[in-house]
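Note that the chains are named A, B, C, D and E in the order they appear, and that numbering of residues resets to 1 at the start of each chain.
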Amino acid sequence: MVPISEHNKTHLEKIGLPPGSLKFTGRKKNEKVKVIVIDYRDADFEENEVLTISKLETYKESATSSWINVDGLHDVEILSEIGEIFGIHSLVIEDILNVNHRPILEEYDDFLFFTLKMLVIDEKNLIQSEQVSMILGKNWLLTFQETEGDLFDKIRIRLRDTQAKIRKRNVDYLFYALIDIIVDNYFLVIENFKEAIESIEDKVMLHSDKKYLIEMQKVRKDLLDFRKTLVPLREALIDLRLEKTTLISNKTTPYINDLHDHTLYLNESTEFLQESLNNILDTYHSGIANKTNQIMQILTIYNVIFMPLMFIVGVYGMNFDNMPEIHTKYGYYVVLGVMLIIVLSLLRYFKYKKWL
Amino acid sequence: MVPISEHNKTHLEKIGLPPGSLKFTGRKKNEKVKVIVIDYRDADFEENEVLTISKLETYKESATSSWINVDGLHDVEILSEIGEIFGIHSLVIEDILNVNHRPILEEYDDFLFFTLKMLVIDEKNLIQSEQVSMILGKNWLLTFQETEGDLFDKIRIRLRDTQAKIRKRNVDYLFYALIDIIVDNYFLVIENFKEAIESIEDKVMLHSDKKYLIEMQKVRKDLLDFRKTLVPLREALIDLRLEKTTLISNKTTPYINDLHDHTLYLNESTEFLQESLNNILDTYHSGIANKTNQIMQILTIYNVIFMPLMFIVGVYGMNFDNMPEIHTKYGYYVVLGVMLIIVLSLLRYFKYKKWL
Amino acid sequence: MVPISEHNKTHLEKIGLPPGSLKFTGRKKNEKVKVIVIDYRDADFEENEVLTISKLETYKESATSSWINVDGLHDVEILSEIGEIFGIHSLVIEDILNVNHRPILEEYDDFLFFTLKMLVIDEKNLIQSEQVSMILGKNWLLTFQETEGDLFDKIRIRLRDTQAKIRKRNVDYLFYALIDIIVDNYFLVIENFKEAIESIEDKVMLHSDKKYLIEMQKVRKDLLDFRKTLVPLREALIDLRLEKTTLISNKTTPYINDLHDHTLYLNESTEFLQESLNNILDTYHSGIANKTNQIMQILTIYNVIFMPLMFIVGVYGMNFDNMPEIHTKYGYYVVLGVMLIIVLSLLRYFKYKKWL
Amino acid sequence: MVPISEHNKTHLEKIGLPPGSLKFTGRKKNEKVKVIVIDYRDADFEENEVLTISKLETYKESATSSWINVDGLHDVEILSEIGEIFGIHSLVIEDILNVNHRPILEEYDDFLFFTLKMLVIDEKNLIQSEQVSMILGKNWLLTFQETEGDLFDKIRIRLRDTQAKIRKRNVDYLFYALIDIIVDNYFLVIENFKEAIESIEDKVMLHSDKKYLIEMQKVRKDLLDFRKTLVPLREALIDLRLEKTTLISNKTTPYINDLHDHTLYLNESTEFLQESLNNILDTYHSGIANKTNQIMQILTIYNVIFMPLMFIVGVYGMNFDNMPEIHTKYGYYVVLGVMLIIVLSLLRYFKYKKWL
Amino acid sequence: MVPISEHNKTHLEKIGLPPGSLKFTGRKKNEKVKVIVIDYRDADFEENEVLTISKLETYKESATSSWINVDGLHDVEILSEIGEIFGIHSLVIEDILNVNHRPILEEYDDFLFFTLKMLVIDEKNLIQSEQVSMILGKNWLLTFQETEGDLFDKIRIRLRDTQAKIRKRNVDYLFYALIDIIVDNYFLVIENFKEAIESIEDKVMLHSDKKYLIEMQKVRKDLLDFRKTLVPLREALIDLRLEKTTLISNKTTPYINDLHDHTLYLNESTEFLQESLNNILDTYHSGIANKTNQIMQILTIYNVIFMPLMFIVGVYGMNFDNMPEIHTKYGYYVVLGVMLIIVLSLLRYFKYKKWL
């Protein structure tokens, strides 16, 4: 999860620069910016790496569907060149470069701009977040990623298949398919949270240890971060639904509705998980209170049993001259017996009171 | 209650498949998909099992009302065949196959799609959830269930009766009647929750045992699950009310309003139950605090009584040569008497202070 | 307050019956259904008990204002006969028979249907709830009660007075007047709650006893029940305000606004009471915590004072041969004196620390 | 702050009376109803007490601006006479007489009715609440107060000044000016709350005494009361802003907006204060928990130090024949020394653990 | 952060004055009011201090863009003179003079009025707040500050650069640029809060000290203050977005949207920080409960170990004549051994129970 301070740092670095000045705000994640174009239309299919940016011009007006994917955002020059070719406002390029931008949909005259987080769970079971931006034009789709994403490979494989439905559709369907695969991965993240929470719940049910509380707080924080990504995404998808743009055809609209439905479900699940965390916290606090009670009970039982005994032995430890019991033959044994009876009666009483 | 992970698993299995690809996401619950058609109109009534799906074509355009009920969702082939006959979008079929879909109403050009949960309480007093989908066309109604539901049998019995009101009405009234019988069963679920909560309340009033807290958390979780089913259902029914479709006649509209009213009532009852659970939690926590207090009180009383006694017997256990009291004849008895007076005074004081 | 389960039971009994089938859901509260018609217009006034239902037909179309009050709902036959005469939808009759229906306003072509709870505080200071339904037609008003209500008698007395404003107005004003008298009684209920809460508050301020908590929970539950009646009533009155029906004349509209204003005030008062209960709960919990503190303090003071004393007497109870102090003449008295000084110093210290 | 029950009592007294029947609901606060008219227009200015109500008729249609202020509401006759002269609905007069009415704005054909609370802090630092009602007509403004208010005197002084802006404006500006001076006084009330809360905060920071909790609850209650006055006032001012009435000229509109802005600010400040109270409550509870901890710590340290000592002296108090240490010359001193070492080590340990 | 009372004090001083009367409500922060005009248009650029206010008249109608910056608000005369020249309503001037005004956007016929807080973190790491007001006219922009701000210097530097984008744009872009630089600084404030909260979190994780709670409450208060500034600012920016004014050109609109987006992000971050504080509070309370538990545990272990030992030595301290064990040769050593075994067994038991 990208920590909150990242965005601020971006701003700190940029305060004083004129608005709209381009500066990459992430860490440089791969060596070279890689631009790959997939150009397709029914039977035709072409996949090339573009080395000279100016060649992209040909794809802008062509009748075929073109997907131009840019891996790596650190070369500001390349991005602004692409921006100029496709007629993109400098503020949009600035938003693409800002890897901590909140998910948003913006409609411009000739294109739609959509940015969201791609969340992937790595080998260490941590959530890795990457900013993905998309610009949907008439027959072209620009996508921008920080690193070469393997998530999009699944789409590439489908695109290469001549029979695939995706080949028969326009670029707006591709636009949908890419968002869909990203949103589908959010279910994995939710699943991950769910497992973490259930594991904590099981442990807290047994024992209220402070380290579980710290784990809980960590998960709660991550969940909050996740929700901060999810809520604006849902809003952006509502905007996409309501957008009366010609860029998205009627045939693709039901898929967009479906996407929106998924984010609704994700959102409800997140709220469910937060509610679960609250319940675990209740259990935790109650566990601590119970433990205090139990300790107190032991202490009290001990005192209640031993105090009268110690009083009795104290009495016969007194040095009075005239204490007839002391001089009887079986006095000692009688006292021991009396104490035994006291102990047994008290134990019975505690058993009756269900303290033991 | 279907656990949250189910939906995710569905997605996990499907990530990478093209959107709209059909895959059944539930467990196979019965052997064979069973398709039963009830065709009726005033005096006419026919009830048949359909073995060849293509024969359903005849019911699509017929002037009679046709109810086609499909039990079992695991045969994807059959479902997509039905979809083709009735002109249903593949995303709708996908939603029908997804047994963990949230309740929803969707309007298409020629039909309404409605999906909801059928909740039934089984012999073990557990809530069993089943996905039911309905597609309402002009003169036909398609319903899809995971298993052969006995809930719909009540409607079938009414349909077979020539005099029944339901026979004189169109298929939109049947559509309403089926939803109504499902929603009516939700009242049983609420009743079930209510009994569970009241039983916990009674126990917690007497004793704040941790196991009751765990029971409480379980009920709270189930209630949350129930609400997750109820809230989108209410939204779907609001959509149904507002839908300006010709598929639902003016004569049926008041019944739909009535249905919506029921879900409002159900929702308010659920909130009431959640509020009750919060109150019980308060009682629980207060019970623990009271118990701690009580234990502390016993411990304190014991200490307050025995400490002075033990001090006194300690004094007369000292070995000083010159302790005149020790050599008096009745010193021992005087000391015993003094201690008795101390004990009695302290007991009286505690009684006065209402600690005993 | 009607317990929540009542409504469910109604549904349990009715599951399987066709929707709109008439069944009385309350307990039979009086012997015979009693139908009384008050027919008035300026100087004319007539008050009769109607024994043959079919005679009601004459009041439907007459130019005079007619108030037909039905006491007792258990005779389903009579009600459905009335329904037929006045052209009332069977679902409305079903709602009238359901004594646990939530307050609602429904507009039909020829009449308005309004149902609400009449709350009366009985001799035992308990809130008695009764369902009252009203149907306002062009020149007639139907009212349905479970028992003969004495609340409406006040209106009857005013109606009998030839000079009364109510006689000069149409039946829509009577409709308002009846609702107004019911809503006015809600203020008594609020007052009742307020007294109960203040009495608990006074007790909790003095002493945090668990029985007060249980009282609190009871009031909270009742208040929740009351609010469940109030909230839909307010919504119904908003609907009534916004209703562009010709059944309610412009002259009566300001009165309806006034009514709505009363429910707003009632609602705010209820929230105020709930907030008060929360504050009392805080006081309660803090009282328990304080008590624990106090007990602990006593225990600690006792230990701090007696432990050093017991140590000292223990020292001089040792049997060493060579303990010179023991053989001094005033050793015993010196030790007693030292212990006295210790006690006095500790007491002084506790006083200084404000523990005593 | 007017206690909540007042309103109810008003209703209790009035149940059964026909709606719109006039009855004063406050306590009679001054001897005689006093009606003062200020009539002004540019250079002209006249200020008279009106003894015969019927003379007010002349002011209704005159072209000059007339402010008719009525002090005292207990003479129902006078009020209904005024009502008749200015054509005011009897429900409005009823609302004026109800000194516990919530703030409201109502638009009638010929006038605006506005009622709000005038809050003044008295010498004992208590908030005194008074109902003020205003009726704004074309060239006249009626104001109704329970007692002769000194708050309005400031406006009178400004009116008497020929040069004052208020003289050049119409009566709608006067209407605004009166509301403004009342709302300005609310800032004093907020300031009063703020001081009370800060004083409690300072005390709670030092010491969690139960009496501070009770103070806190009191302030919270008063704040709730204040908010119950403020919230409807803000709503009424929103209504006033949106009102498309010709009674308020465009020149006065910015002032109304400004007023609304003030209530927004007041509302935010109230929320801020409530949040502060919640924080203080947290501090309070935490203070109690800390105190318990501290007491427990003292008790534990005492036990840990004295128990081993008492065990040791107990050992050498045993009467075994064969206890060689007892007969050594320095055995007693060695034991005393060992005990001293134990005490010092424990003290050091506690210091290291930061318990001391 | 400006304390809440400031606003009130402003009002206290002004109660009784006619609305719209001009009075400066801040503390006089600099010696002399300084008016600097920057007049620019493409290649032309002029920067002058204006000593005679009336000279400003020339800038009002000129075709060049003019930025008139006023440092210092204490000279009411100068401000009202400026107001007259530019045709500004006296209420606006009053709002400019009120240094505690909440952020607001108001549209007038010829200009837009915008006021907000400039937040700067000083050397002591405290947040300094300053009121900034702006009035945007056709070709002119008025800005009002309490002191000479160094934040605006960055804009001045950009303006002096002939090549800068800002020079080629109209005055509405300058308006945006100034707001942008102020809002950018809010990110620094958020960063500051974040560091403070994380530092508290780290400390509370280790130790639940009351002083951390007090720190927490302080941060919470400041955050609340910050939010009170932020929320109305966001609302004002929404108004600015929706404003259909010709004063802001289409070219500048995307920048305004971007600004609004920043405030959304800021708001979400603030909520995130508040949530974090709540979590820390949970950790804090749980830390205290754990500590109590731990202390109780030590106390209990001590009692459980020493009480049986003290009982045993007490037994052999009794003075009975007939106690055979006492006279055996190794009795003493056997008893010591038995006690050792008891201690070891108990220690083992506690280790097994994980209390040690």
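Just so it is clear, contacts are C-beta pairs under 8 Å (C-beta built on N, C-alpha and C of every residue); 3 or more make two chains touch, one makes a residue touch a chain.
Given the structure is predicted, the values throughout are model-derived calculations rather than measurements.
Distance between chain centres (mean CA atoms), chain A to chain E: 27 Å.
If each chain is reduced to the centroid of its CA atoms, chain A and chain C end up 43 Å from each other.
Shown for chain C are the residues in touch with two or more other chains, namely 289, 292, 296, 299, 303, 310, 314, 317-319, 323.
If each chain is drawn as a node and touching chains are joined, the picture is one closed loop, every chain linked to exactly two others.
Chain order round the ring, anchored at chain D and oriented towards chain E, is D, E, A, B, C. Every residue of chain E that touches chain D in the complex is listed here, in rising order: 4-5, 7-9, 11-12, 14-16, 18-20, 89, 91, 102, 104, 106, 210, 213-214, 217, 220-221, 224, 228, 232, 281, 284-285, 288-289, 291-292, 295-296, 298-299, 302-303, 306, 309-310, 313-314, 316-319, 323, 325-332, 335-336.
Those residues of chain B lying in contact with chain C across their complex are 154, 158, 164-166, 176-177, 180-181, 184-185, 187-188, 190-191, 194, 205, 254-255, 257-258, 261, 264-265, 268-269, 272, 275-276, 279, 282-283, 285-287, 289-290, 292-293, 296-297, 299-300, 303-304, 307-308, 310-311, 314-315, 317-323.
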